[in-house]
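If you scroll down you'll find the structure; I have some questions about it.
Letters A, B and C mark the chains as written, and numbering starts fresh at 1 in each.
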Amino acid sequence: MNKTILKTENLCAYFTDEKVLKDVNIQFERNKVTAIMGPSGCGKTTLIRTINRMHELVPGARITGRIILEEDNIATLHPILVRRRIGMVFQRPNPFPTMSIFENVIAGYKLNGIHLPKDEMNQTVEEALKGAALWDEVKDVLHRKGTFLSGGQQQRLCIARALAMRPPVILLDEPTSALDPKATSSIEELIVELKDTVTILIVTHNTAQAARVSDFTAFMYLGELIEFGTTQKMFTVPDHKKTEEYLTGKFG
Amino acid sequence: MKERTYYRIARDKIFISTVVLLCAISIVPLLLILYYIAINGISAINWEFLFNLPAPVGEEGGGVSNAIIGTLMLVVIASIMAVPIGILTGIYLSENKDSRFAGMIRSTVEVIMGVPSIILGIIAYAWVVLPMRQFSALAGGVALAIMMLPVIIRSTEETLNLIPNELKEASLALGVPYYRTMIKVILPVGLSGIITGILLGVARIAGETAPLLFTAFGNQFMNLNIFKPVNSLPLMIYYYATSPYEQWHVDAWGASFLLAIFVLGLNFITKLVARR
Amino acid sequence: MTNKKDEKKGSRYERNESIFQWILIVSSIILLLILIGIFVTLPLNSMDSIKEFGLRFVISTDWSPQKELFGALPFIVGTLLTSFIALLFSIPFALSIALFLGEYFTHGIISTILKSAVELLAGIPSIIYGFWGIFVLVPVIRMLQIKLGIAPYGVGIFTSAVILTIMIIPYSASIGREVIQLVPNDYKEAAYSMGATRFEVIRQVILPIARSGVLAGIILSLGRALGETMAVTMLIGNVNKLPDFSVAVPEGFSLFSFNSYVTLFDNILKGFLDGVFSPSNTMASIIANEFTETTTDLQLSSIVEIGLVLFIMTLIINLIGRYIIKKTSVM
């Protein structure tokens, strides 16, 4: 199997006339955690949203260049099919308020009208919740609504929801910025565990977090990829001056 | 300087007293109306009143059963027409905040809301009664449906606007198509707000008389055929109240009592639902 | 690794998406069609009358089915009189309620009580207002008329105006309250810190800022008053003539006699009261009364034309009100 599971080639993104991503070329390695960091406005969120084609929700947004997922050019696939192969977890936990915990986890199937036999459904939910380190806490209250959970638990529920689809790649968009420190560290532990089963891309503005959880780091600035490499190298001997300035807190 | 200050303080106190007084006076008509309806209306209500058909003048035991059924019929007919269109249009407006077409539709809705109800009666007369050559519950329903639409559209749009965008994104990111996201995720979340809108719409049209004068027209007998004229509580109140017969006046109070309970009760239920 | 199945699924989703979008658009277009329908139906059905009377229709005071002469002036005047009087009467009350709920008591149980009362007032069907008016308001007005020495009809323009006042207060009150509540605290605090009394803050800070919004609320409630039908129909007396404001010139009037002036003033007052209390009809009430009792096509067409005039009038008033709201864009 190819080491690279996902890559972008000369990726540029435009919001109407403004160019927000400039010729980004990255190769994401399978079963590793890659952090994407940079100051606000650097394009990191835009980057991951182009990967699961969520940028298309904004009128006037378009890309040039290619994004290849496991040998497929995602531009040739229907966006819906792309999004089923790529999971996403957002900054603020957003479990569906009218659904129970169980229904939330299985939502990817239910909402798409995919009928699983009961046993398979239960198994999928249990696996996903275990994968998100939430099973023990909610196994007895699966049929209660998810809104009573704490922030950290809700976010893990969202992770379980994404995991249930068994995607090869999961995108995390600043998943802990709305959480307290304790919840943050439990999510970070989870991320490190999960990489055995999924490839993770995590956008974060917290450089310490990037250092803690990621194997590779991409540093972006004003829409350009400034530097990409192992986290080890980036944080000790970065190649670019800008990277070093960012990491030492000179800006951003 | 001191006198000036005393004057200013006194003026301030007089002003707030006047404001409070005027507010209190404003409530007086409400209390009077509720009082009269209760006193005169309750005494008119009994089994016969609720279940009998209207009796000719002079005969005892007349009731308003056909008016009650007629009102319900009209509400149902109007709702069948107004609720789907209202919700769908509300969804469209909420999902297209910036488009010029949506702005045009929004203005259209507001204009329709401001049209006097009797004019809508004329419209329904021209569109339904004339071609059918007959007064009918359907015609009344059409007029009422047009009145109901803006209420439902507005509350649907407002409800959906309050739903955070992230919910939509969470569903779309799971690979759920847009139309399924709206129907299976967003609408259920906004359900209580939409239902509130429908209840408000019903409360608005249940008490309407003017548009029914030459559409539903009224009927002495019970009628369940939507293509024929039908009675309704407000119509009945109008005809009885403006008649010279004492017995009919009594019945009109009873009918007013029923109507008031229904309409005000709906408004009250709406408040409860909205709180959830 | 795209396969045929995925492609099929993809195009199925495309199709469903388009269907959904189409349904939404069609639904919205229906609204447009309804409005266009209204604009077309009214003139279409008043063609006979328009062709027969032309512009004279709005100036003529004839209304006689036998002679086949129809003019809308009495009803236009009746509508305008009742509505404007009601508007005038309602302003102090609506403003008080707006200030009470928007400034003095924005929270708390008293506020809830008043707010609920106002909402109840707005929720009472017009027919009930009319009915109650006949049996409670009319006798009172009759007594007043006897006291004033004018004909004790009980019904008339004044009575209708009173009931209209009660009915439109909730509208301007609620818009006024919203606008007043939206006045930023900073301005109020600046004034308070300079030692202003509450009344002064209201008069010199809040009302000037909220002025356009309050004005818009008043205009919109005028629109409501113009179109109100049932309560007015039941209380206006149904007389198809212009209200009678004529003033009798006293006999033997002399420029130098003080008594003459007293009598003249008396007569002016009486003329005014006669007019204000006279039975009349409004555009909405004539339609309500005569629509089903027209004998000729021309009569029906004239009634519809009155409806057209009413529609245009309320439309213009509502557009003006909404325009003001948009300009101030407080809401």
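Convention: a contact is a pair of C-beta atoms (placed from the backbone, for glycine too) under 8 Å apart; a residue touches a chain by one contact, two chains touch by 3 or more.
On a predicted model such as this, the values are computed, not experimentally measured, just so you know.
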Chain occupying the middle, per Cα centroid: B
Farthest chain relative to subunit C (centres taken as mean CA coordinates): A
Pair of chains joined by more contacts [C-beta pairs], A-C or A-B: A-B
Approximate Å spacing (C-alpha centroids) for the pair subunit B, subunit C: 18
Subunit A and subunit B: spacing of chain centres that average the CA atoms, whole Å: 48
Separation of subunit A from subunit C, taking each centre as the mean of its C-alpha atoms, in whole Å: 57
Multi-chain contact residues (two or more partners), subunit B: 177
Where subunit A touches two or more other chains at once, by residue number: 80-81
Overlap residues in subunit C, where contacts from two or more other chains coincide: 13
For the subunit A and subunit B complex, residues of the former touching the latter: 52, 54, 57, 80-85, 87-88, 90, 92, 94, 96-98, 107-108, 111-113, 158, 161-162, 165
For the subunit B and subunit C complex, residues of the former touching the latter: 8-9, 11-12, 15-16, 18-20, 22-23, 25-27, 29-30, 32-34, 36-37, 84-85, 88-89, 91-93, 95, 101-102, 104-105, 108-112, 114-123, 125-127, 146, 149, 153, 177-179, 182, 203, 206-210, 213-214, 217, 234, 237-238, 241-242, 249, 252-253, 256, 259-260, 263-264, 267
Residues of subunit C defined as touching subunit B within the complex: 13, 16-17, 19-20, 23-25, 27-28, 30-32, 34-35, 37-38, 41-42, 44-45, 92-93, 96-97, 99-100, 104, 114, 117-121, 123-132, 134-136, 166, 169, 197-200, 202, 223, 226-230, 234, 284, 287-288, 291-292, 304, 307, 310-311, 314-315, 318-319, 322
Partner subunit A, residues of subunit C touching it in the complex: 1-2, 6, 9-10, 13-14
Subunit A to subunit C touching residues, read off their complex: 70-72, 76-78, 80-81
